[in-house]
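First subunit A sits with subunit B, and in the next complex the same chain sits with subunit C.
Take a look at the complex of A and B:
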């Protein structure tokens, strides 16, 4: 009897998990399906579920815009900003996790508070700085901006992971004669690999999807995939199928990355959740 | 082996050639005519081998935000901007645009349609060259009109439109008698409603910039619009903009649609299920001497911060010259030529034959007067907008109120009262009202 109840509960939870997953995935699925429709099918009412599987939208998107140039800009910007952010965040999070001061919590909150400011509020000063330093429409300029934007989240995440590591282990390393950088590189980092990996992946996703700064600070040379998508929305004329094709191409790499690294992501996000 | 030095030499020459070429960046919107221009860029670069063209295509609102930031800070990211008749007078007054004085000896500036040219000029100087122009007109289903036992006049009144909408509506068959913009935004429902209000004798401001939403003309306009749409409009009309109404009309679900003249080629094109059943008429009036049609032109301008003004002007001359129209016609046919900018196009028999809506488009454009948009005198320029920097914000807020009235979330009276209050507050803050 107990086994029956347990099996039923398992089935119910599995069904519920599938329903939630399908609801979450539905917008992406619909975008992918729409990308294989004609423009008329894309706006048909009632909506058409099964497309005619045309690839003309993908051909048109490639003819009108250089996907690979935008793709490589996205890769440089997201990976570059993530690596720089990690380089800064690991020592910062180490300091705050293992040698806290009475003000550590305030500093963390202050860093996070910068994320609460609407980006458009600092657009003009940022634009002027970029203009005067020649950073407008450059990959390096965007990399710096995205590093700074995501740094508070990276530090917060790493701080949370590092707090789960027993300080005794680091002290033991010190007693064995490990100097600071060896303690960081050979003791702390290997123990926090799941946390660092999930932080890295999450930050790459955040940087990949960032649209405000990447559109406002670029023109043609450094424009990433967010600008690529934006170019397919039209005020006059049908565009949903082409826009969906552009969106599918833009999200495909990050979807694949998330799929391949889901184990690390989940492991990292649940790191220290159960004691 | 002898080939090697030759190859190296030619590569060096090619490199030297590309190094000396000046690159101009053109910011534009994504619509059919602009995409066509992008595809024809080779014609320009062949004629001007010393100039290379980089394109930045953005969604209209993103483009507006992007180029406004760049031009206001003199960022110099763009050498040619695609802007509308709303921006040109404001930006020219600010000194943000360069006058187009050197479009070339062959550039026939007098051939530009006077209404469009006036909208893009300040103190007699042209600050942007029109790439394509549009007004608004009535597009209707001839078969449904006939079934309703009515004949659409060339110049209908609003009362006739209401009567026809009532008769053409067939809810059981999913046909709405009329489809109009309801989506909130200064360039969405407010473009339509401002133009419509002109024909009802309403105005945004009196001569001393006092908002006029508390006047009977605005009440008549909004009440007429809401009543007609509630009776004969499609479901969820408060979310419909140009594209949503276009889709409905193309699928045969609208009896009439009043919107941009540029839609004529879409509703008679290959994607339309009713292409052979569409008729055209001027925007309606109320017998007060003004019609409810607007005037808009996507135009090319040079920002004052550009370091490559001479090359940019050459490009603008190429893209807006008569020869460009002939180039498009030779590649894609006369029906695909960007409309609404040049008188000569409308005198061209080949264009008249290819575009049955040509005369109606020209008449609609000519009927719009940005300097005298409505019956009473006004202190501003613009038919479906008020050419002041504050209008984008105010227009969108008022648009949200009117859209809410259409959705039944508030009464017409409440929407007008709140519109009056918010506009008075913003205009006082901006210093127009002392």
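Take a look at the complex of A and C:
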């Protein structure tokens, strides 16, 4: 039986949804608005809602530190770590999804448990390792760290997707003469493309937003956008407008990516939950 | 060539034996059917031959060569799965051509072979479609096409018809039999349907609880079942079994009479009973008779007979077709 929803109820729900969305989006909106204010306007009390639409902050931010260098560092680190993670995760998830052993669940839980450890607990040893191996403030060093940090999530997501693929089809490929890598490349991966795509997107976003390690293990050369933002919060006190301009620049690319791939992301996050 | 030999093959899953000890010889070009109730290990046996499962112990030979430790890709066998297992992201053309691609066949040869297979299987018009755009029967044909293109040593069929509706099943049964007559390649076919086994096989292997109960031609198994299990499994409707005084008279623990060898009469006979359900098939009628002290027995009569439910009747066996079994169920000859 179809549920009858009255117009009034619909209106109420729509209004509620807009209010919740606005509350969630407000910090981002406020950051964007602030980035177009002068520093005086930014700290004015009571706060000014409509900025004077100056782009001075953006110019100053670009002069003080090169946005595009940080931007490309972020791209390298997030895309690089995601691709490496996928290369490792696809075979691991394949093994656990299609030839599970009594210990598979434990291995999966153990991987996930590493995400529960507070990162600051291993900061000092990690820092020393990075210093001694010359990985400090390098893009490749950060790429390795972010690969390792996100690997459990990538494996988990792929594992869930692979479990949806009938094992018969992989067996058919084996019977058709496909050796291991051909089975993965020609059959498993093409069938799992939607899942792999949303895993990739989510992981790029996670890596892009990762702030703890990227700030602590870089100085200037390899600093991605997260470090770029934080550099505006310290030396000469807080400059809200410039900080906001830097933040807006930093989140803009990922916001656009997220917007464009909304469908994939939602499908990816709810996959398996609604079947 | 495609002879298959199993020597004392044993398989257990996590300590639980599924195939205790199976030895079997399949000759080149034979159509062999593994039949048995679900869970009897027939699919496992097929998967062991395919290489999709590893044997726990024992030897599997293809054309005399020990392939026990070889993976499925290198055994040169083709398999048709119950679920068809087509590659959903590939077209029919790519599906059928996949084994050739894996074997690095040159493009021109591959295209010719795919076209040939498609013609044989009436799939020419569907070559550029994806599997999801095909009907069940067409999908089954694609699966068969994928199996025949690379001329395997033997075909393995794992309950290939059980997802099709009854009419299509009969057609595909005939098509597969015809295919076997054309190709003359060894086929091993797994089914739980004894009608498929009887109609298609050169040789039937009856399995029960992982054990091979009997191996033989369909008529051999029908005429001379080695034990009560085979006698009950082969033949439709299934054989009637009578125990107690009825069997004592024939010096057996149990006697078996097929429904087609049971006579029904209003006047006289060996066992008295009452008519239960009648199933009218047009050409035949099956009567289920409640026999006093021996339970439900089935009689097959030709054409129409006018016994009504509740009518008192007499049953008597055709004396030349009484099967006798001892206490352990083995046939007495």
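Brief remarks on what is shown
The working rule: the second predicted complex is superposed on the first by the 250 of 275 C-alpha atoms of A that agree within 3 Å, B and C clash if a C-alpha of one lies under 4 Å from a C-alpha of the other, contacts with A are read in each partner's own complex, and residues count from 1 in each chain.
One rule holds for everything that comes next: contacts are C-beta pairs under 8 Å (C-beta built on N, C-alpha and C of every residue); 3 or more make two chains touch, one makes a residue touch a chain.
Everything numeric here is computed off the predicted structure, so don't read it as measured data.
Subunit B and subunit C, once both complexes are superposed via subunit A, fit side by side. Look at A:107: by the touch rule set out above, it reaches neither subunit B nor subunit C.
Partner contacting the larger number of subunit A residues, of subunit B and subunit C: B. Touch criterion met: A:137 reaches subunit B, while subunit C stays clear of it.
Once the two complexes are overlaid on the shared chain, A:239 sits against subunit B while remaining clear of subunit C.
By the touch criterion defined above, A:190 reaches subunit C but does not reach subunit B. By the touch criterion defined above, A:64 reaches subunit B but does not reach subunit C.
Contact with subunit C, but none with subunit B, is seen for A:177 once the two complexes are overlaid on the shared chain.
Across the superposed structures, the minimum distance from subunit B to subunit C, using CA atoms, reads 50 Å. Taken together, the two structures place no residue of subunit A in contact with subunit B in one case and with subunit C in the other.
Partner subunit C is touched in their complex by these residues of subunit A: 166, 168-169, 171-179, 182, 186-187, 190-191, 193. Chain contact summary for the complex, subunit B toward subunit A: residues 25, 27, 29-32, 35, 38, 54-60, 62, 65-66, 69-70, 72-78, 187, 242-243, 246-247, 250-251, 253, 260, 262-263, 266, 271.
Residues 50-52, 71-74, 77-79, 81-83, 85-89, 98-99, 101-103, 146, 150, 156 of subunit C are the ones that touch subunit A when the two sit in their complex.
Of all the residues in subunit A, the ones that touch subunit B in their complex are 39-40, 43-45, 64-65, 123-124, 127-128, 131, 136-137, 215-216, 219-221, 223, 227, 230-239.
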